[in-house]
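Take a look at these structures.
Heads up, the next two complexes both have chain A, just with different partners, chain B and then chain C.
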Partner chain A sequence: MGIYIILTLSLNLEYGYGGQPNFGQALFYGMGAFMTAILTSNLLFVFAHYPSANICTITSLVQRESIAASNPVATLLAWVISGLVSVLVGALIGFAASYPALRVREEWYLAMVLLVAAQIFTIIFSYDASLGCGFDGIAGISNPFAWLTSTSIPILNSSYAFPSIYAGVIALFAYLCYTLTERLTSSPFGRLLKAVRDDWLAASTLGKNVNAIRAQVMVIGSAMASLAGWLYVYYIGVANTADYTSSFTFSIWVMMILGGYANNRGAIIGALVLTLINELTLVGSTLIQAYIPGFNPSVVNYSKYLLESLLLLILLIYRPKGLLKESRIRTPAYTVFKDGGEEQ
Partner chain B sequence: MSEWVLETQSISKSYGGVKAVDQVTLRVKKGSVTALIGPNGSGKSTLFNIISGVDKPDSGRILISEKDVTGYPPHKLFQMGVYRTFQNPRLFFGMSVLENTLLTVKSPGDNPLAALLASKWLKHELNIAEQAKEILEMFSLSEVYKNGASEISGGQIKLLQLAMVLMANPRLALLDEPIAGVSPHLVPIIFNALLRIREQGKTLFIIEHRLHELFEVADWVYVMGRGKLIASGKPSDIVSNDMVKEEYLGSSMV
Partner chain C sequence: MGWLPGSILRSIFESGIFLMISIGLTLTLSVIKLPNFAHAEFLTIGAYTSLVISQVLPNNLVVIILASFLAAAILALAVHNTVFKPLINRKSSAYILVLASFAAAQFIRYSVFVAGSLGGVLSAHPRITVTPIVYIAGQAITNIYLATLIVALSSTILLSLFFKYTLIGKCMRAVSSNTTLAQLSGIKIENIVSAMWILAGGLGGVGGALLSPYVTVTPALGFNLLLEIFAVVIFGGLTSFVGTIIGSLIMGFAENTFMDFLNIYFGVPYTYTQLIPFSLIIIVLLVKPTGFGVSYSANKALRRFLKEN
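Our next item is the complex of A and B:
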C-alpha cells in the first residue's frame, strides 16, 4: 500500500507536474528490487562471514534466511546499504533515461523508449539466469526485522510484531516521500516543472534550462521508484520479474489518473482506491474458489485488469482530470497580497 | 561598452523554398525604442525567432552587446538579457497571473535541492512577490493576480505580457505586436503601458502594425519586405519614403 503510494507520487511528479510520460515505471521499480536482492544476498554472506556462494541455490536461500533470523547487525547493514545503493542506481538510470528526452522534444518518444526499455529489462532478467536467477527470481530476502523472533524481548519477539514494524517503516517512507514531493512542488521548482510541462519553448525563452529540469525530475522520480522496489523486495521476500511488468506500470498510471494530475494528495487517494479494488477482487476470488471447486484463479488477475480498465474508462468520461483537481503551486508569494491569495 | 545592444549580420533563413529572412543586417541602439515594420509575411517574426534562439539562422551572425551569440539556445539568450514576447501570446495559461509574472525571474528555489529547504528561497520569493505586486498594480492587473492566465481578457493578456517584461528587467526586449489585436478602446491603455516600460530606460525592439502609436515612441524604424530589409530611418523619414509607401503603407496606413 505504502509502496503504491510512493510509486504513484513518483509518477505524478514526473508526469503530473513535469509532463514526462514515464511508461517504464516498472523498470525503475524493478531495478531497485533486483539491485536490493542481489546486494542483500551477497552482503549477508560477507557480513556474516560466510564463503561467497551462488545466490540462486536453495542452500544459499536457507542460509540467507537463517542469517536474517539471527544476525541483526548483518541484516540491518545489508538492508540499509542495499537501500542506499538502489536509490542511487535508480537516480542514475533516471538520468540516463532523461537523455533520449533531451534529444527528442516530443515527450511521447520518451514514453515509447521507456516502455521498450522496461520490456527488455524483464526479458533479460527472466532469461539470463546469471543476473537475477531467471524466472524463479531471487528469493529468501527476509523481513529486515525477522531477527526479533530470536530475541527475548517480550511482545517484539512474537511472530506478528516484525511484519507490523516493517509495515510501519514502509508507511514512514511513504509519508517522507509525500513530504518530499509536497515540498518540491510547492516551491519555485514546482512552478518551473509546470511551466516546462505546459510550454517548454516559452519556458526556455524565460531562461529556464528545459533539459536540466527534465533530467532533474526524472532523477528524483526514478530514485523514488527504486526506493519503492527496495521496500517491496524486503516485504515480499523475492525479486521476480513477474512483479515488474508493463501491466504493473499501467496500474500505477491508473492510480495517478484516478487521483488527479499534479495533486499529491490525489496520488495517495488514487493508490488507496486501487489497492482496495485489488484486495476486493482477491477476496472475491477466494470466496468463489471456496464455493466453486473448479474455479481457475488466474481469472482474478484478468478481472483485476478488466476492472482497472473499466474504472479508467468511466473516469475518462466523467472526471477526465481525476478525483482531485490540480492544485495551484502555493508558494508564500501569495501572502504579500491583501487577501493572502485565498481562493474565492 | 558598445552603444549597440543588438547587431544582426546578414541573417538568412528559408523554409522550404521560401526565403523568410534574406540577408538582414541591422542594429539596435542601447536605450532606444526601435520599430520593425512590414507587411504580413515579410519575415519580422522569423527574425525575432532567430534573435531569441527559438530558430537557428541558415547563415549570418547575431551579436548581443558585441558578443557573438549565434546558435545559443533561448535560455542562454535570456540569461544574456534578451527577452521576447510572442505574437500569439505564449503564457502559461494553466497558471495564475502572479505565477506567470514570477516565472520571469530566476529563483534560488529553482534548484530541486534548495527547493526542499524553504529558508533557501523564501526571502527571495517574498521580495519578487512584492515587486510583482507593484508591477501588477501599475498595469491594473492586481485585481486578477490569482486568476488563471486563461481566465483574463485579451487586453489583460497583452498587459500581462508587458508586466512580465518589466519584471524580467531585460537588457533588450523584443515585443512581437504588443498592441495589435485588442479592441480599440484598450489601445491607449496598452500604449501607456509601453510608455511606462520605456520610462524605465529599457531597450525595446517592437514589431507592430499600429504605426500611428508606434511612430510616436520609436527612435528608429526598420522596414522589411519579402524577407529583405528595404528601408530604415527616423519615423518622420519613413512616413515620407516612397518605396515604403508602395510596399506597405499605401494600403494600410493608419
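Our next item is the complex of A and C:
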C-alpha cells in the first residue's frame, strides 16, 4: 500500500506537475528492485564472512535466509546500503532517461521511448541469467527485521512482529515521500514545474532552463520509484521481472488519474482505492471459488484488469481531473493571507 | 550458407504480415493523428474470428479473411465512438489519448481473456491446414504463405488506388493534411473518420487472421506484437505508406535473416530477437524522428513547388 503511494506520488510529480508522461515507471521501480536484490545477496555473504557463491542457487538462498534470521548487523547494513545505492541508481537512470525526453519531437514520443526502455529492461533481465537469475528472479531476500524472531525480547520475537515493523517502516517512507513532494510542489520549484508543464515556451522566454527542470523532475521521480522498488523487494522477498511489466505501470497511471492530476493527496487516495479494488477482487475470487465449485478463478483475476481499464476510461471521458481537483499551493504566505482574511 | 534461402523466404513472409498489421495504424496516425495503442487488439480479434470461423468452415480462407475484416472493423468503430470521439471532441492532449487507447486496449484484451477462459480457448490453433504448394530451393512455399503475400500486395495496391482515384480516398487525404480546410470545403469529417476506422481495424483483423495458422492464438497475441507494429510505423515516419512498406521489410529481414546471421556467426541467442524492434524504435526516434518514408503531405508538396519556382 505504502509502496503504491510512493509510486503514485512520484508519477504525479513527473506527469501531474512536470508534464512528463512516464510510461516507463516499471523500469525505475524494477531497476531499484533488482539493484537491491543483487546487492543484498552479495553483501550478506561479505558481511557474514561466507565464501562468495552463485546467488541464484537454492543453497545460497537458504544461507541468505539463515543469515537474515541470525545476524542483525549484516542484515541491516545490507538493507541500508542497497537502499542508498538503488536510490542513486534510480536517479542516474532518471537522468539518462531525461536525455531522450528533451530531444524527441512529438509529445507522445517520450512515452514511447520510456515504454520501450522498460520493455528492454524486462527482456534483458529475464533472458540473461548472469544479471538477475533469469526468469526465476532472485529469491530469498528476507525481511530486514526477520532476526527479531531469534531474540529473546518477549513481544518482538513473535512471528508477526517483524512484518508489522516493516509495514511501519514502509508507511514512514511513504509519509516522508508525501512530505517531500508536498514541500517540493509548494515551493517556487513546484510553481516553476507547473509553468513548464503548461507552456514550456513561455517559461523559457522568461529565462528558465526548461531542459534542466525536466531533467531534475525526472531524477527526483525515478529516485522515488527506485526507493519503492527497494522497499518492495524486502517486503515480497523476491525480485522477478514478471512484477515489472507495462500493465503494472498502467495500474500506477490509473491510481494517479483516479486520485487527481497534480494533487498529492489525490495520489494517495487513488493508490488506496485501487489497492482496495485489487484486494476485493482477490477476496471475491476466493469467495466465488468456495461457493461455486468448478468456477474458473482466473476470470475474476482478469476482471481486475477489466475493472481497472474501465475505471480509467470512464474517468478520462467523464472526469478527466480525477477525484480531487488540482490543489492550491500551500505556502506559509498563503496560510498567513488566509488567516488574515478570516480575521477581517 | 544453407540457412540463407529459408531465412529470406521467412523474412518475406513476416514482412507481409508486418505490412498488414501496421498499415492500419499508419492510416490512423495520418488521418486523425492518434497513436492508437489499441490497434494491436484488432489483430487479436481477427485471429479469434479466424479461430471461430474455422471451426465451422475449416480451410475456407476467403470467408475467414472477410469475416475477420468485418469483426475487427466493427470493433474499431465501436472503440472510436465510445472512447476516442468524446475525447477528441473535447480536444484532449496527446497523452490523454495515448492513455485512453491503452485503457481501451487493456479492456478489449481482458474481455477476450474472460471470453476465452469461459470458452476454453485461451490458447488454440485454428482449423486451417498449412499445406506446401511449391518448393523453392528446398523450402516449402505454403498456401498461407502465398495468401499472405497476395493479400498484403493487393491490399497495398488497392489502398493506393483508393487514395488516388476514389472520392472518399481523396477526402481522407484532405482530412489528413489539413482537417480545418477539409471541413471548410464541405467534407463530412465524421464520415471520413468512420471510413478510416473501418479500414484500419479491418486491415488489422485480416493481418491477425493471416497470422493465426502460424502461431498459437492467445488473447495476448496482438499485445505482444504492439511494439513491433509501432517500430514499423515509426520507422516509416508515422504517416507514410511507402515508409510503412519499407519499415515492414526492414523489420521482417532484421528479425529473421539478420537474427539468423547473428545467431550463426556470433552466437547471439534467439531470445534477443525481441530487442530488435525496441532498439529500432529508440534509434529512429533519437536519430531521425521523421522516419524514412515519403508522406502524402500536401503542405510539403506545396513548399517544394514554391521553392523550385
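Operating definition for what follows: the second predicted complex is superposed on the first by the 317 of 344 C-alpha atoms of A that agree within 3 Å, B and C clash if a C-alpha of one lies under 4 Å from a C-alpha of the other, contacts with A are read in each partner's own complex, and residues count from 1 in each chain.
Keep this in mind: a residue touches a chain if its C-beta (ideal position, glycine included) is under 8 Å from a C-beta of that chain, and two chains touch if they have at least 3 such contacts.
Remember, predicted model here, so these are calculated numbers, not experimental data.
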Based on the superposed arrangement, let me know which partner A:L306 touches: chain B (first), chain C (second), both, or neither? second
Contacts of A:L316 with chain B and chain C, given as first, second, both or neither: second
Touch check for A:W108: first (chain B), second (chain C), both, or neither? second
Would you check which partner chain A:Q216 touches, where first means chain B only, second means chain C only, and both and neither mean what they say? first
Give one of first, second, both or neither to describe whether A:G207 is in contact with chain B, with chain C, with both, or with none. first
Which of chain B and chain C A:D199 touches, first, second, both or neither: first
Which residues would you name on chain A as touching chain B in one complex and chain C in the other? none
Sort out for me which residues of chain A touch chain B in the complex. 180, 183-184, 187-192, 194-195, 198-199, 201-210, 216-217, 220, 326, 328-329, 331-337, 341, 343
Show which residues of chain A lie in contact with chain C when the two form their complex. 15, 21, 23, 100, 103-109, 111-113, 115-117, 119-120, 123-124, 127, 247, 250, 253-254, 257, 296, 298-299, 302-303, 305-306, 308-310, 312-313, 316-317, 320
For the complex, give me every residue of chain B touching chain A. 52-54, 73-75, 77-79, 83-84, 86, 90-96, 98-99, 102-104, 106-112, 114-116, 118, 121-122, 125-126, 128-130, 132-133, 142, 145-146, 168
Which positions of chain C touch chain A when the two form their complex? 35, 83, 86-87, 90, 92-96, 98-100, 102-107, 109-111, 113-114, 117-118, 227, 230, 234, 269, 271-272, 274-275, 278-279, 281-282, 285-286, 289-290
